[in-house]
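What follows is subunit A paired twice: with subunit B in the first complex and subunit C in the second.
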Partner chain A sequence: MTRWIVLGFLAALALGPAPSVWAEEEMAKIPGGKFVPLYGTNKKPVKVKAFWLDRRLVSGGDFLKFVEENPSWRCSAVKRLFADEGYLQKWRGDLEPGEADILAAPVVQVSWFSARAYCRSKGKRLPHTEEWELAALADETRPDASADPAFGRKILEWYSRPTGDKGPGPVGSAGKNFYGVYDLHGLVWEWTEDFNSIFMTGESRADRSPDEKLFCGAGAAGTADPLNYAGYMRYAFRSSLKATHTVANLGFRCARDLP
Partner chain B sequence: MGGLDARSFKKRTVPGFFLAGVMAALLLAQVPAAPAETPALPEETAVLTAPPQVPPPITRKSPAKVVVKLEVIEEQKTLAEGVQYTFWTFGGTSPGLFIRVREGDLVEFHLSNNPQNKMPHNIDLHAVTGPGGGAASSFTAPGHESVFSFTALNPGLYVYHCATAPVGMHIANGMYGLILVEPAEGLPKVDREYYVMQSEFYTKGRFGKAGLQPFDMEKAIAEHPEYVVFNGAVGALAGDKAIQAKVGETVRLYVGNGGPNLVSSFHVIGEIFDKVYVEGGTVANENVQTTLIPPGGAAVVDFKVQVPGDYVLVDHAIFRTFNKGALGILKVEGEPVAAVYSGKQSDLVLKPEGEAIQKLPEEKAPPVKKKLTKAGRIAEGKKIFERICLACHQMNGQGVPRAFPPLAKSDFLNADVDRAIGVVMNGLQGKIVVNGEPYENIMPQLILTDEEIADVLTYVYNSWGNKGGEVTTAQVKKVRANTKK
Partner chain C sequence: MKPYFLIALCFLALVSPTGAADEKAPESGAAEKAPGFPSDSLYQLESSWLTQDGKEIRLGSLAGSPVVIALVYTSCKASCPLILGDFRKIHKNLSENASRISFVLVSMDPDRDTPGRLKEFEKGQKFPAPGRWVLLNGKEESVRELAAALNVSYRKTGKEFAHSNVITVLDPTGKIAHQQPQPGSSVQKTIETIQGLLGGEGKP
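So, the complex of A and B:
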């Protein structure tokens, strides 16, 4: 796996995007599809085009290589404009994450700007929220397990528990879904390219102001599936973020368009 | 917001960057300055208290700027004996810390979200005049802090709660508390003040089911809680955690209801509320037995305690009290006042088959004299039970999960009367299974006469869904004879 990442990194550096060589190993092809997102009152499904998604979250080790190559993203050098004071706070030093489990665990305490820069350095991008949500509908055996209450309950139970001092477990430890993508549920929250588009959408809907969408009463009335508490939580979590924020249980993975 | 001002100042002054940076650092280290438009207000930091305590009355005669710092903490806590739940709390307790300010105060509210937390949170204070009660302004990701300010325009007792989607779940997990805005003229002085808040919990396991219990969304939507409690846990206001007062004192309870769903019929058994500030507002009703407190609402009740004893705080929707946990104790100490309340003056038994009321034998009655009726045995047995057995097996014979087996509807008990006699006579040690649950504990040998054993077992067999019947002294004697062999 590591070799592939390194190879991919070199390929991206030397040739730019060259997905066909290594993508199957490192990324999963998520076929396009339609689903009804949580927001919106009209229950209109959104269409998502097929895309590649990293099978694994970016680990502490992956991110260490990135900051080695890109000094401006080191803890001591990063501009406050791009990451708040919590950026990589648990690391011992700029190039010293500390214990081995930090290297193996998904990288957390990274801002949206830094996650984006990382993906760009690989010739990739962050997944869009709708892409992420589509891939995350899958459980181990089905591409869409959202109708199964047990699936929702399991996710909800994970959301309900605080992270604790130990932080998240190693990348890959929360299991693989139908597409062969690991840890979409059960390890950390994940940045998406348009994480705050639900509250701060450019598209103005006449019937309500954007910040009402998922608050209080509007939450229940204005969403497609009031039973989907787990979904609520993801949208609520994302909308609490600013692009400079760093959070102890928020990591990321990258995506890319089909060639 | 002084911190932010300092930072933008730093950004603007590019020349002399270093000096500006030092100044900014100094500014940042200081307490944030009051907004420019209210320079005259003195500043203080609010004292917050965990339930059932209430911060001291405010003695100031004029408004101040009050800084309130509240941290959201998600953590596992005890919901009932042996039952754990992941609470989301304002300040580490559920209900959250009590906030006390004065009418006209400018409140600078700092809401921080512990870095270990999984969830974003915010706060909607019903004492706030403004959109969302502060919800949008205080929406905070884990590891961050939000600050907003409001002026406490209206006096009263108000609920605060989290209003982050899904709101129901945030509240159901324990995110509510009370903020008192004292009227400018203050509240009438009392001797004791306590903070009591009712709420429900919707757990996957039934009431009393041991272990870490997850939130059950279906039960919450159906409004069928497993637990209805005061101050966040079964027994949070009982035993050595009971609230206290002395005879002759005036007690004030600040009572809130966090819900999320049920209206409380708040009542204190054995007391009449001299005054109820209805719905936490300004109007005081007088001489009230039971007051309604809606979810997201509150009431202030004042009463003088004149007679010593235990006064039981209940939701008079009474199954919630005896089956779901909504029970608290106010312990009043002092000398009895017979003129107000006499205590029991006689104990009479209604004979079911006859018209006459029969008097029970006095306690000094001859010890050998045989009881005449089964009803008499039950009455005597009840007294013995309450004196000796209740501490472990509990008032309604329900026992304590994992520690003391239930006597109510107990298969172990009902299967074998002689065995039950033997257990009371000789004690019991080792593993037994009662109603499918294993218990391993020690029941001590009890020093009781054969007649007392017969009485108490007759009471137990005729209570709480057990099989009935009468245990006779002769039966006990037989077991004793067999044991001696």
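So, the complex of A and C:
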């Protein structure tokens, strides 16, 4: 009997928050807004239109269902154009993620192409970087906590903690923000549709949009908000990625246009 | 106790047995869609594009000969002319064999660079070896995907684009044979790569 209790408990953990816990619709409406993105050198705010964003990161369990239904995205079948050798590497087999906590945790070691294919299969898309950044300005109580140094410190504190061998904790475990979106900070980094919109061009003489101010020498000093080191790290991280990369603490969630 | 029992059963049913059974099922899907192209070929992309003549194509239709490909936009005044300059240089240096190379320009500005506008651009540019130049218009998401596959970054800033200036050579199967990070200095290496690819095919 004890065995069943333990199994039941494990199952509850593995399946993640049961549907009843997630009774709210699975996406949150993020009202449009303006903010000054980090890469801007002219401090001109960008306008983001209202959009829907998944409340939850895509979990290992979600991704398992996806590869069950889409054989070409299984680890043994995926095309090298779409994912490097690290793709779903921690899984035991194509349809066998392994430990129960892998099902409950955000799926990681997925390439941009595979994340995109997943969202597409749900009639969704990846969020644009500016959409993601807008939603991520919120803390638990405010839509924009960016002016509060404590908010930035908390995020940086997370960035400084290694993920560890066990991988990220379960989806939902890093708390929800003002919009009811979980884990935007505190669990994993996230793919965005246009992660490749910031670039380092080296010596291009014709380049009139010097994003290298984000990266060189004084680092964030040339960016719109020199105090936003957390944002600086996100942009730097994204720009270091290739679409085939699979990273042990990089997952994703999906978004959708308003109807 | 019963609920736990049921949950546990569901859990077991969900994870182990289905997993074991499906794993051995033959994988077919993608392999059928893109026969013959290597796993890392750019021609695995299934997006469809419109040429400057309004013809719908997939990138795979470029297979069979070396391809020089770059992302540009027609109202670009800064670096795109340098990219086009290198394309011309490549053409000039390989003029004997230029009829066996495809020169492909993909617009990162699909809203404004309609096939009609691409056609006008082509006429205005007076490219050598007409017929070997393919100018492509695609959906924004297709452009983003192609850029990702080529490791090209770009961002719209008002009416212009900030973008990397990579020139890529594809072998006849669509695999990346060489990438020239900037127009100018290193075009010779690009030319040599294409020469190598043409040599490998055997002269007519």
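Assume the second predicted complex is superposed on the first by the 218 of 259 C-alpha atoms of A that agree within 3 Å, B and C clash if a C-alpha of one lies under 4 Å from a C-alpha of the other, contacts with A are read in each partner's own complex, and residues count from 1 in each chain.
Please note the rule applied: contacts are C-beta pairs under 8 Å (C-beta built on N, C-alpha and C of every residue); 3 or more make two chains touch, one makes a residue touch a chain.
Bear in mind the structure is a predicted one, so any value in this text is a computation, not a measurement.
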Inset, instruction - Please work out whether A:165 is in contact with subunit B alone, subunit C alone, both, or neither, and reply first, second, both or neither. - result: first
Legend entry - Which superposed partner A:243 touches (first subunit B, second subunit C, both, neither): second
Legend entry - In the superposition, subunit B vs subunit C on subunit A residues touched: C
Inset, instruction - Using the touch definition from the top, say if A:75 reaches subunit B (first), subunit C (second), both or neither. - result: neither
Inset, instruction - Scan A:153 for contacts with subunit B and subunit C and give back first, second, both or neither. - result: first
Inset, instruction - Check subunit A for residues that touch subunit B in one structure and subunit C in the other, and list them. - result: 211, 239, 242
Inset, instruction - State the interface residues of subunit A toward subunit C in the complex, per the touch definition above. - result: 1, 4-5, 7-12, 14-15, 68, 70-72, 74, 76-77, 79-82, 93-96, 100, 103, 112-113, 116, 125, 193-194, 196-199, 201-204, 206-209, 211, 239, 242-243
Legend entry - Residues of subunit C touching subunit A in the complex: 1, 3-5, 7-8, 10-12, 14-15, 18-20, 22-23, 25, 27-31, 34, 38-42, 44-45, 78-79, 82, 141, 144-145, 147-149, 151-155, 157, 160, 162-165, 181-182
Legend entry - Residues of subunit B defined as touching subunit A within the complex: 74-75, 86, 114-120, 124, 132, 135-136, 139-144, 163-167, 169, 173, 214-215, 217, 221
Inset, instruction - Using the touch definition up top, name the residues of subunit A that touch subunit B in the complex. - result: 84, 86, 153, 156-157, 159-165, 211, 214-216, 219, 227, 229, 232-233, 235-237, 239-242, 245-250
